[in-house]
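Input: structures, listed below.
Each of the next two complexes has subunit A plus one more chain, namely subunit B in the first and subunit C in the second.
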Partner chain A sequence: MTVQVRKLDKISIIDCSGDVDLYSSPRLREALMAEIKTNGPSVLVNMSGVAYIDSSGIATLVEGLQHSRQTKTQFGLFGLRPNARSVLELARLHKVFTIFDAEAEALEKIGSVKPFDGV
Partner chain B sequence: MPSDFEGPMIRVSDLVTHYGDRRILNHVNLDFPTGETMVILGGSGTGKSTLLRHIMRLESPTSGQILIRGHDICPMSEDQFNQIRRKIGMLFQSAALFNSMTIEENVALPLRELTQLEDSTIRIMTRIKLDLVGLNGFENYMPSQLSGGMKKRAGLARALAMDPEILLFDEPSAGLDPITAAGIDSLILKLKLAFRMTIVVVTHELASAFMIADRITVMDRGEVIATGTPEEIRNSQHPRVLQFLNRIPEGDQVDAQEYLRSLTEN
Partner chain C sequence: MTRIVLGSEPRLLNVLRAVVRFRAQEAGFSPSDSEYVALAVDEAAANIIRHTYRGSCDGHMALEVRRLPDRLEFILEDWGPKVCEDKIRPRPLDELRPGGLGTFFIYSFMDECSYDQDYKKGNRLKLVKFLGKGCLRNDGSSAKTR
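This part shows the complex of A and B:
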């Protein structure tokens, strides 16, 4: 798994790709916790390169969401592949996250998402 | 299931095993395709649980190979096999929960012991698994406070704790009433559809087998006598398969001289 952070004006994009599993998800968590901060930019996780995500990855995203609520940061996901989406659905979390189809849409709309949206 | 493996998740090749002098598995050859649910059917004492225990390496064969993700687990060192074992979840007949721990602690245990994940991440993962098996809200219960079916569900949540690629069930409906047993079957179906895990279920419950299986293997006297899709098994003309599917009891087929010898032999 690789995690890279891009900074655009008031948005941080975390590009995550590969397998997010028990052994790699702590690195995603580290990036999320570093980017989600009070008065910080909006945070988007680009999931388009994620081939596999297990429940540790999902739990990590839930932690990101929880942290974003505490810091009143806008937080969203985009580019989920069908298998990642189905794992989220199985965990009944697909409606909890703000999910965009693609980056362009995410960049356009994240600014108008209320930090508490969907929770 | 992670994205980097093609081929059968499990391949059992020419497996022979004995308990003492008695041959329990007799040249078993079987592929478990990745992402499919294989049900191993057979009467009591046909070797099906023994086969499962070999896949978990709880027992060693006399000869033969068991390949998991293409690697033969039989000659592996304990450390090497531990890497594989983490990819395998098993639900034992007894659910095998620790009675001194809450349900949440039971499910979290493998994650606490075997990963570097933060406690906060583990707590969320554990609750996702408990929700999945319908035990949301039972985190702080002790195993003794749960019914048999709930214990099975908790055992399943623990088997799922590490997000295994392979999930093994030994008689999942043993000791459960028919409605609770059907609930476990639906849960297996749900997991199968959602995670595309490779699932192996050992059972003698016919209805359950035909409901959850992608493929069924029928074992008899330590041998695989038929393997195929549920449809193929249903249409099998193998006399022992027919006998099992039609629930015809074992006849009194003991040879008289053989019986006399068994009574008088030293």
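This part shows the complex of A and C:
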């Protein structure tokens, strides 16, 4: 798994690709927490390169969401592949996260997302 | 029959997933369902690493995949302390908290899940997926529930 962070104006985009599992999710967590703590007000996770995500990866995203609520950071995901989306839906988390289809939509709309949306 | 023995190292889980995906697709499961089956077995193996071996990479586990006429069986063995089966329950989904989804995915995607109580060397978990039975319904819910 690779994790890279881009900055576009006041938005941090975390590009994540590969498998997010018990081995790799700590690296995503580290990047996510660092961006939410230091670089808000908006953090997006680009999931378009994520071929696989397990419960530890989902737990990392939930932790990021909870932390974003504490810090009043706008937080969203985009580019979910069908399997990753299905797993979130099965766990009933698709309505908890703010999810965009693609980066352009995410960049356009993240500014209007209330930090507590999806509660 | 396929049998592999792995160290209890999280970085080796992708090897386990590759074996499960391959055997599931070979048995006729769609790529998507093979992915869900691999997720369920991965979660069970991750539980061994986290709970049985408490994160230590010094332990070992074995995965055996058996193809029977009507099903695939995945047998996971470890040589750690016995788990208390009564404590292994999927958590309620209305709670928003980071952990506890692994068991939920195992129960959602597999048709049977049971521990061999006669296995004395550690734990032996059997996961069963019946052939021709998808993992999800068209509405995205688990094929097992409802």
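The criterion applied here is as follows: the second predicted complex is superposed on the first by the 116 of 119 C-alpha atoms of A that agree within 3 Å, B and C clash if a C-alpha of one lies under 4 Å from a C-alpha of the other, contacts with A are read in each partner's own complex, and residues count from 1 in each chain.
Methods note: contacts are C-beta pairs under 8 Å (C-beta built on N, C-alpha and C of every residue); 3 or more make two chains touch, one makes a residue touch a chain.
All values derive from a computational prediction rather than experimental measurement.
Once the two complexes are overlaid on the shared chain, A:Val62 sits against subunit B and subunit C alike.
Once chain A of one complex is fitted onto chain A of the other, the partner contacts of A:Arg92 extend to both subunit B and subunit C. When the two complexes are overlaid on their common chain A, residue A:Pro82 makes contact with subunit C while staying clear of subunit B.
Of the two partner chains placed by the overlay, neither subunit B nor subunit C lies in contact with A:Glu103. Note: residues 19, 21-23, 52, 54-56, 58-60, 62-63, 83, 86-87, 89-92 of subunit A belong to the subunit B contact set and to the subunit C contact set alike, using the contact criterion stated above. Interface residues of subunit A, counted against subunit C in their complex, comprise 19, 21-23, 52, 54-56, 58-60, 62-63, 65-66, 82-83, 86-87, 89-92, 96.
The residues of subunit C lying in touch with subunit A in their complex are 9-11, 13-14, 17, 32, 35-36, 38-39, 42-43, 46, 49-50, 93-94, 96-102, 104-105, 108, 136, 140-142.
Every residue of subunit A that touches subunit B in the complex is listed here, in rising order: 19, 21-23, 25-26, 29, 51-52, 54-56, 58-60, 62-63, 83, 86-87, 89-92.
Across the complex, subunit A is touched by residues 1-4, 86, 111, 115-118, 120-122, 124-125, 128-129, 131-132, 162-163, 190, 194-196 of subunit B.
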